[in-house]
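For reference, chains read A, B, C, D, E and F in written order, and residue numbers begin at 1 within each chain.
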Amino acid sequence: MDPVIWFFVLGLVAGLARSDLRIPPAIYDLLSMLLLLTIGLKGGVELARSPVGGILPQMLAVLALGFTIPLLLFPVVRVTGRLGRPDAASLAAHYGSVSVATYAVGVSYLGVRAVTFDSQLPVFLVLLEIPAIIVGILLARGMHPGTRWGALAHEILFGKSIVLLVGGLAIGWAAGADGMRSLEPLFFDLFKGVLALFLLEMGLIAASQARSLRQHGLFLLVFGVVAPVPLATLGAVLGWSIGLSPGGTALLAVLSGSASYIAAPAAMRIAVPDANPSLSLTASLGITFPFNIFVGIPLYHQLAEFLHR
Amino acid sequence: MAAEEKLKLVTIVTEAVLEAGITTTLKKLGATGYTITDARGSGSRGVRDAGWSSSGNVRIEVICNPEVAEKITTHMREHFYENYAMIIFIADVGVLRPGKF
Amino acid sequence: MAAEEKLKLVTIVTEAVLEAGITTTLKKLGATGYTITDARGSGSRGVRDAGWSSSGNVRIEVICNPEVAEKITTHMREHFYENYAMIIFIADVGVLRPGKF
Amino acid sequence: MAAEEKLKLVTIVTEAVLEAGITTTLKKLGATGYTITDARGSGSRGVRDAGWSSSGNVRIEVICNPEVAEKITTHMREHFYENYAMIIFIADVGVLRPGKF
Amino acid sequence: MDPVIWFFVLGLVAGLARSDLRIPPAIYDLLSMLLLLTIGLKGGVELARSPVGGILPQMLAVLALGFTIPLLLFPVVRVTGRLGRPDAASLAAHYGSVSVATYAVGVSYLGVRAVTFDSQLPVFLVLLEIPAIIVGILLARGMHPGTRWGALAHEILFGKSIVLLVGGLAIGWAAGADGMRSLEPLFFDLFKGVLALFLLEMGLIAASQARSLRQHGLFLLVFGVVAPVPLATLGAVLGWSIGLSPGGTALLAVLSGSASYIAAPAAMRIAVPDANPSLSLTASLGITFPFNIFVGIPLYHQLAEFLHR
Amino acid sequence: MDPVIWFFVLGLVAGLARSDLRIPPAIYDLLSMLLLLTIGLKGGVELARSPVGGILPQMLAVLALGFTIPLLLFPVVRVTGRLGRPDAASLAAHYGSVSVATYAVGVSYLGVRAVTFDSQLPVFLVLLEIPAIIVGILLARGMHPGTRWGALAHEILFGKSIVLLVGGLAIGWAAGADGMRSLEPLFFDLFKGVLALFLLEMGLIAASQARSLRQHGLFLLVFGVVAPVPLATLGAVLGWSIGLSPGGTALLAVLSGSASYIAAPAAMRIAVPDANPSLSLTASLGITFPFNIFVGIPLYHQLAEFLHR
């Protein structure tokens, strides 16, 4: 198994054992900043190397996926989970959006197996982060007059994750492989190590979700484990049909099967105050994230290979 | 302390995610300034341990006259009490530089 | 501020290493919550400059009724005053949401 | 709280760059100690957001008797008010351990 | 001389000159976390590569050493230092336990000289950290009913240093040399640099101990310089008799000659409140630590070589 | 263009767009610490490799430059900017002192073009940081009795930047190229990456200066863009006349054309309270710094090449 995943386990165990191990918020910010920049820069370099023909239709298709997923999830969770409108909408937004850490683990997983993937995947990562959040807010409040869409749009578009991903893409693309050479030691060589530390922290956070899990009981557990699979399948099928490579198909599956725990929670907390934040966070971070890095990613990779037979 | 003047110190402890919104509001409500420190804590909405960025609290202090204090508390009660982890407490303080606040 | 109710704000400044123990105790003594900020300082036991993890202070605030305040101060005096860097001060504050504390 | 004694809590919020100078002065003026937390804020001299080291504030608390409090506020007014971002507010607090401060 | 040591000197000088140079606590935490993980991971990889036969008897011997040292020290410091029970017990606990930074400098020292050491040393590091603390508490309070042993045991066993060391060992062992390849840039290549920064901070902290040194006067100074040598000798003899290599013998000497300044102070502050914390910390961090990295380590290395003649 | 500069642009854009992207102060401290140490260490290694004959006269010449620049600037800004004594003196001090980040970008710029430079440049960096600050204070307050010169001297001489630069120089010199080998991964290989992150932060800070720029209006803008060129020319001519290589000449030009935003602001805030801090900071950090990294450095390099024809 990819060693970085053991760091998640270590964090999880330490957290559940109520160890005094903590990662200072400042370090957490540094690690996530490095991850986002690295993913962006790597993608930019790839795009510069092999410019993608006809990427626009693909981008539209991916955007469509981002808008669709929450619309599919909303009714399902309302009924099966007997959740109120706000909670159902928030949950739908979380699972419609994406998790950068899960993506990074997916990249690392493919890397270990020397599976290549299409250079536009980081672009899809950016495209998938936002739409579901907008849909989620609409689902929760409808066209409620009070909504300060301007402020919200600004907050989401210039949120740090988008800025760093897009910025990284642009810089990597402008600099190209040669220009990036001198930046590789920090951004590329340390990638796995940084990811390992980040997963350590993720494990600690996931452990802190355990208590709230008990509150929300069985539904979350089941949902967190079951939901990713059909969502990932949707992504895989889309990736295959828009002509991505097996690796790219797998990563698109990972993206759509992953749930946001940074952008979505922040936006929802502001825009849908009456949604219980710990509910969505526990599902996405406490259940779906571990499920994906242990079971999901290998599964989605199989699926992609299968589709490409 | 001749120059000392009685004012209110309004302290708001709430979710870090609200910082930007609240500081903007405070100015609108007539506060001449505010002081913020990062905090963690526990209350009716459970432990908020600042384990990671968004799970922490901020502690916002505002020195103002009773009217503005009244406005602030009312506004907070109406907009945030129901859905957010938040407490507010008010104390009497003396300040120098009358008229600054 | 009709809904305002007089309570005590107990502020404890002490060694960071005591945080976990004290927060547990506070709940036992009947506090409904607490707010913590990291601090540094100086006093009879010398400078505590937070230069590294364990050499810093924490500043713990508890809003509670006078009985609980009494309990807290007594408990702290008995268990920590002798051997730890610690000060406690109490102020009167008004809060909204009567009965929350 | 028999052992409780009325004292002043002087809180100074000012530019981080002044910390070293002010703490030295406080001792000279007779303060037995102080507690410092890092802060950010906004006031008549604009926003001080602690975006980087020197652009932040410090929040300095001193518990002392009224005379020392008077001395501190006077000294601060004379030396810093004109040129530095600074506010001071004073509150009445009760402390245990009479004579410690 | 190993350049990393100059960073300690730099920190010491800056601190004594009351420079405004500070290392933020968050960075201190990051650096110590990296050191602990690296030591653990390196050890785990070694263990996986060359599984150690009959390590169990060795581990028991080392555990015994950890329990013995404080018992030997306690009476000595009580008499020579005229210290009260709590202070004597606390000092004994500090010197019975170990210093990870000293160990790291020792590893770096051997590395510079291309001296190899047995793969189980990191395991010994873990084993030596705890026993002395337990003994110290017992010496201070006897079987005092009030002692919350459960809580204490938990706090010590799941303290961050143990968690990261053991976690690192397990991950390194599970991943093996190949699995770790991608993590090497962060955890192995940067090791010396991270150690250098950590020592810079240690220098700053040691300088801040200077004042309290004046208070406690001559005894601490003498004790801090004299005590490590016999303790290290004990470790060296044990290492030699349980059949460690010269390098391993030297490192075991370094371990038993070093004094804790993280685990022990924290545990003692809680469990033995009436011990003066600055007393033990000044000795271990302000005197013994510098003594060991400058004089001790080379000395103990000589000793080990001598024993193995 | 050197990719690291794009990171400044990214930070600037994010800041102007009021993104929530922040770099925690602790990380800012880590990055600047690494930059200062790296520059010092690199310089020390170079000095050890090629000991400089007759460096002393050069050092005196550079010191003289440091004392001269503020004396030249003071009257100019008083008149052209109609600034009061304190503000004029503070501005003169900022531009007489130097910017480490600008120097680092210069080093990186030459590196990309494989231009070598004399090993004593880091020494000049140290020498240029302080004199202008002293002159600035004198200009502002004259021989005012109240000035606590002792405290000031201490604060400036043992300020973190000087300590880390000088410390790095000493360690690099003592360790030499071989001794530094094991520290290279952190301090040398990551240099460009660390610089990139630091520039990202610089961009964010520069953006935060924008507002205050509006207040101080046109003069600052013009001064910030115009002043560096003659100052850099002065440095270039000096470098050429004391026999530096083209690369060294370019870097000395960069140094004298750059403006301080760390040492000078801190010292001035304390010693010249009635100077408006945002005025000098906006000019040096909001205007001159970007101007130098985009336009200045290439220009000064041309100039140096030209002088050496």
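Going forward, contacts are C-beta pairs under 8 Å (C-beta built on N, C-alpha and C of every residue); 3 or more make two chains touch, one makes a residue touch a chain.
Quick caveat, the model's predicted, so the values are computed rather than measured.
K.L.:
Chains shared as neighbours by subunit B and subunit F?
P.N.:
Of all the chains present, those in contact with both subunit B and subunit F are A, D.
K.L.:
So which chains count as neighbours of both subunit D and subunit F?
P.N.:
Expected: no chain.
K.L.:
Looking at C-alpha means, what's the farthest chain from subunit C?
P.N.:
So the farthest one, by centre of C-alpha atoms, is F.
K.L.:
Which chain's mean C-alpha position is the greatest distance from subunit B's?
P.N.:
When every chain centre is compared against subunit B, the largest gap points to E.
K.L.:
Comparing the two chain pairs, does B-D have more C-beta contacts than A-B, or is it the other way round?
P.N.:
B-D
K.L.:
From the C-alpha centre of subunit C to that of subunit D, how far is it in Å?
P.N.:
So the centre of subunit C lies 19 Å away from the centre of subunit D.
K.L.:
At what distance in angstrom does the C-alpha mean of subunit F lie from that of subunit E?
P.N.:
41
K.L.:
Distance-wise, how many Å sit between the C-alpha centres of subunit C and subunit E, to the nearest whole number?
P.N.:
Subunit C and subunit E have C-alpha centres separated by 34 Å.
K.L.:
Find the geometric centre of each of subunit A and subunit D from their Cα atoms only, then give the gap between the two centres in Å, rounded to an integer.
P.N.:
Between these chains, centre-to-centre, one finds 46 Å.
K.L.:
List, in ascending order, every residue of subunit A touching at least 2 other chains.
P.N.:
Subunit A, residues with two or more chain partners: 20, 22, 24-27, 29, 185.
K.L.:
Counting only residues that touch at least 2 other chains, which ones in subunit B make the list?
P.N.:
Answer for subunit B, listing residues that touch two or more other chains: 37, 91.
K.L.:
Just spell out which pairs of chains touch, all of them.
P.N.:
A-B, A-E, A-F, B-C, B-D, C-D, C-E, D-F, E-F
K.L.:
Can you list the residues on subunit A that touch subunit F in the complex?
P.N.:
By the definition above, subunit A touches subunit F via 24-27, 29-30, 33, 154-155, 158-160, 163-164, 167, 170-171, 174-175, 179-180, 182-183, 185-187.
K.L.:
What residues of subunit A sit close enough to touch subunit B in their complex?
P.N.:
22, 25, 28-29, 201, 204-205, 208, 212, 262, 265-266, 269-270, 273-274, 278
K.L.:
Residues of subunit C touching subunit E in their complex?
P.N.:
Interface residues on subunit C, with respect to subunit E: 15, 17-18, 21, 46, 49-56, 80, 82-84.
K.L.:
Could you list, by residue number, the parts of subunit D that touch subunit B in their complex?
P.N.:
The contact residues of subunit D facing subunit B are 13, 37-44, 57, 59, 69-70, 73, 77, 81, 87-91.
K.L.:
Please give the residue numbers of subunit A that touch subunit E in the complex, ascending.
P.N.:
Interface residues on the subunit A side: 3-4, 6-7, 10, 13-14, 17-27, 108, 111-112, 185, 189-190, 192-194, 196-197.
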